[in-house]
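Shared chain: chain A. Partners: chain B in the first complex, chain C in the second.
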Partner chain A sequence: MSVESSGRLQAMAWIGLLLIGIACFVAAPALGLSLAFWFYLALWITLASGLNIMSGFTGYLPFGYAAFYGIGAYAAAICVRKLGLNIAFGLAAAAVAGAVLSLIFARTLNLRGIYFSMVSLALAAICRILVANLPDWMAGGSFGITLGVGYRLGSYYALLVVMVATLLTVTWLARSRLGMALRAIRDDPDTAEVMGINVGRARLKAWMISAVIAALTGAIEAWYSNVVDADTAFDLLISTKAIIYAVAGGLGTVLGPVIGVIVMLFVDDMIWQRFPVLNVFLLGLVIVLLMMFLPRGILGTLLWHKPRLRRVLF
Partner chain B sequence: MTTLLLFQTLVSGIILGALYGLIGCSLTIIYGTMRVVNFAHGDFVVAGCYAPLVLLGLLGLNPLLSIPLVFIGFFGLGMALYYLIMPRLRRADDPELASFLSFYGVSLMAGAAMLYFFDADTRSLNYSFHPSVLHIAGLLIPTARVVALAAGLVLIALLTWFLYRTLPGKALRATIMNPGAIGIIGVDINRLSGLAFGMAIGLAAVTGVLIALVFPAFGPFSGMDFTLIGFVVIVLGGLGHPVGAILGGVFYGLAEQLSILFLPQSLSPVVGFALLIGTVMLRPAGLFGRVGLR
Partner chain C sequence: MIGLGRRALLATCILGGLSSGLQAQERQSIRIGMTTSSTGPFAVASQSGERGVQIWLDDVNSHGGIMLSGKKYRVELVKRDDRSDKQMVSRVYDTLINEDKVDALIAPFSSTLVAVAAPIADSGNKFMTSWAGSSDDLFRQGYKTIVSATTQASQIPVTSIDLAKSLGVDKLAIVFDDEPFPASTADAARALAEKAGLKVVLFEKYSKGSKDFGVLLQKAKAAGATGFYSTSYDSDLIAMIRQMKENDISFPFTYMLYASLSSVTGLGRDANDIFSHTQFDKTVNWKVTDGLTTDQFLAAYDRLFPKAAYPADFQTALAYGAAVVLQKAIETANSLDAAKLKAAALGFSGKTTLVSGQFEIDETGFQRGMKPIVLQQQVGTLKIVAPSDIATAKPIYPAPGWSQR
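And now, the complex of A and B:
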């Protein structure tokens, strides 16, 4: 099979899969299925894929990813509630806020490994404390903000748009020059630099895309749930769940995070129903076992053993 | 009056700082030998807080006398945990990431287990010394704090003796400095790391006992805070310097207590995080270190 036709086969398989997925999501509310289930499925797919843009392609694990999610949620809430603007402006403001915050945090990209993760965690914690301490007239203090724009179906479809855009971005990245540059940097930053790749700039692009996706997701969740408060919007679990779902599926692959989210949400749901008391304990156990036996993730391990599958799955 | 308050704050900063330093010390032993940040470290400290509570209730044991018992118990637990998960994690493509996330999983498990056994509300150690407050040079200091500081200093002395005067301790420091070379001269790194892990977990739990004496209350959810404090402390002290960690701890303790005095209560936690970011960005080798491990 020639390279070109294999590429075409891959593209067609991928587009077909995407269309089936989108059809499921679009039809779900019309079929009377639980909207909350589908909303949060889409939310985690978006967040895990958004994180994958940063972590999968550059090897950085931002434990403070929730900072962007939270800032997006607050930007939207302030626009809608305090400035009386339309939710569309709220989403735009969230995207801008996410991009600006990622630029402010850009200096941390010089750090490596655990240093980056922990500093990012600390920055998210600072954001949470500062937002919780903003004056009440601005950000509602510790009680948070109620938006008063409850239109759940609208927020669901907005999220679907963001999800599809995110998946298309990851697909594009996996094939593009930027994606290749990022992988080269991940595997060997010094060699990549010698080869003429602008390391700082490539990383910054991935970082900003990742941040804007998280900010939009946060804003849409605020729209959906109609309320934001600092403790839930900047919750560490948002970062860690996104990381774990993405790792479970396979970082650096396009479909990995999607598979990871579906499998882990299923496992999570099963644990909740059967062992409500031991829920968190078993989640921790699943993470430990996952890292011990499938450190490359589900899809990553599959591709490792069956490299030929890379033609259709990537 | 204000100067008195300031001195009081400085004294409690030093006492708490010594305890924070001990947390950092055990965390840095693990990081140094295995290049692993133990995300569950704080949870072992909190488990150590509960230990004297249980022993006091069951056996009526004095918290200070329970220290050796707690150390032995958690040493065994740490060794078991090491041999259960670490050898496999080391074979992963990216051992740093794999172990970091696994220990996050361990942290979730430990937190959930403590929640199950001790409920969500905060507890305190129902044990008081007599007299409960000491007058030292015009300052009022709770006896429990003085006792905790003394015990902490003894622990630090023991640890320093172990690291600098015994063969396993020297091997441990050598591993921190150059893990490749220590393998070449025939030291079994796996056994040494197991020992180091058990020791660090034991030390973390013992620090928890002292913290239970000093802190008015603790709950199953404080683990994460202690992990973060430990990480800030070892970054301040320079990663992989057990003694630097003690100095980092005292520095952090002073900064924390002063910020509680001068800043609004809800803003004071920012100081710890800001300290971490500032040090990593400006002085990656730590406040006292020379070589950066970044």
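And now, the complex of A and C:
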């Protein structure tokens, strides 16, 4: 099979899957399915895919990814509740806040490996403390901010838009020159530089895209859940879960995080329903076993063993 | 003739179908949904509250259940795990309403989780009683189906500030942990103190996780405080008391909200003369109009949970009270309709006393009736010192210095 026809097959398969997925998500509320389950499924697909841009494509593991999520949540909440603006302005503010924060943190991209991860984690903690110490009239103090927007269905469809946009962005990235540059940086940043890739600029672009995705997700989640407070908005579990889901599916692939999220959430839901007492322990066990036996993730391992599947899956 | 036969057959089939359908839909029980936290920061408190609901469940079912439309229905508690997680609460309450088809709800523990559950209950048109949503803000959102059966944050310092004023405290130092409940209670204490004419000479928060309070204590002393007021959690209070002793810092009036917990009273003499808060105590016997009395409640707790790691506390009592309110609302309204249940709750508001105190709400569901109780550890035993109508001892004021304890 030629490269072009292989690429067309891949594109068709992906578009087909995406359309089926979108149809399922759109139809879920009308079919009376659990809005909360489908909302958080979309949320984690979006977050894991956003993290994949930095981690899978660029090789940076941001343990402090929750900082962007939290700042987006607060930006939206402050706009809506404190400034009396429409939620659409809140979402726009969240995106801007995420971009600005990513620029402020951009210097950390000069670090590599575990050092970047540790500094990222520390910066997220600093963000949380700073927000928690904002005046009560601005950020609601320790009780946080209750948005009072209502129309949860609106937030669900807003998140679907962001999710689809994120997946299309990741797809574009996988096929673009920027994506190739990021992978080169991931594999060997020094060689990439020698080859003429502007390492700093490429990394920054990926960083900002990833940050905006997380910020928008945080803002929409605040809209959906109606409340935002410093502890839950900047919870490090947000970063941890995004990493686990992305790794479980396969970092560096487009479909990997999607598969990881779907599998892990379904497994989690099943365990939670059937084992009310042991569910957390069992979930931890599943994650450990997954990491031990499928270190490349589900899709990553599949593609490793069956490279021909790259024609369709990527 | 053939047509008549077919019509008769059709009618029989329809009637038969309807009949079996009706039988299938005939109510078997009243389903109440709630979540508890198996893990996470709210686990201990949540499980303490769950035991209170279990006491109610055992009691109500031992009497045949809840009366509805002239018949008693057993209560089925549909309980799920929220893992102290906001996202799980959202999913779970959605599931409880739309899949489990519960008839009413009991809220989760903590204001943050109640804030997530409340709009879901409201939009799902399910009545929900809250036993741990102390945030005042919860009741400013316009929810129509939520009522509180716990003292709100702004009301918690009422009794203690009144007591401080009556004892002659004139300068108050307020110190608290930067977390939702301690911070909001401290804010309320400051507002009430200033309204009562006390001067707040220090109002300072510290970061979660801090254990060195030496500087804070020195500042409070240097500011001339005659009263020290802390709304922090018990683990911080233990460190504070120890550091007070190490630095020989004491105040005529020391109030520590969580100092009634066994972890703090276990300090022995060092915890003497410290005032604290509770909403339930084994020596308090409100004139209960609904549900178990204090003695009956404690006996039920011992019977149902003989091996429990913790004794019954105010969280147990509050959750029990919330369940009793739910039962009373159903029986009064003779309906499971959320609006009717809310109306019923407003109807018996101010006329109902539970083991956790008087149930009195306003139109928003905000709890106004439950009086906070102030305790003081006196010679190793906790005594109720306020409100005066239930006091079992006079307050010791001023507290002696460390060398005289």
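One rule holds in what follows: the second predicted complex is superposed on the first by the 314 of 314 C-alpha atoms of A that agree within 3 Å, B and C clash if a C-alpha of one lies under 4 Å from a C-alpha of the other, contacts with A are read in each partner's own complex, and residues count from 1 in each chain.
One rule holds for everything that comes next: a residue touches a chain if its C-beta (ideal position, glycine included) is under 8 Å from a C-beta of that chain, and two chains touch if they have at least 3 such contacts.
Predicted, not measured: the structure shown is a model, and the values here were computed from it.
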item	value
Touching partner for A:34 - first (chain B), second (chain C), both, neither	second
Touched partner set for A:284, first chain B, second chain C, both or neither	first
First (chain B), second (chain C), both or neither touched by A:132	both
Partner chain(s) touched by A:112 [first = chain B, second = chain C, both, neither]	first
First (chain B), second (chain C), both or neither touched by A:146	second
Greater chain A contact set [chain C / chain B]	B
First, second, both or neither for A:122, with chain B first and chain C second	first
Partner chain in contact with A:183 - chain B first, chain C second, else both or neither	neither
Residues of chain A contacting chain B in one complex and chain C in the other	129, 132-133, 277, 279-280
Complex interface listing, chain B residues touching chain A	37, 85, 88-89, 92-94, 96-102, 104-113, 115-116, 224, 228, 231, 235, 264, 266-267, 269-270, 273-274, 276-277, 280-281, 284, 294
Chain A-touching residues of chain C, taken from the complex the two chains share	38-39, 79-81, 83, 85-87, 90-95, 98-99, 111-112, 115-116, 118-120, 123, 135, 137-138, 140-142, 178-184, 187, 207
Footprint of chain C on chain A - complex, ascending	32, 34-37, 39-40, 129, 132-133, 136, 140-144, 146, 148, 150, 152, 224-227, 229, 231-232, 237, 272, 276-277, 279-280
Of chain A, residues touching chain B in the complex	59, 61, 107-108, 111-115, 117-119, 121-123, 125-126, 129-130, 132-133, 236, 240, 243-244, 247, 277-281, 283-288, 290-293, 295-296
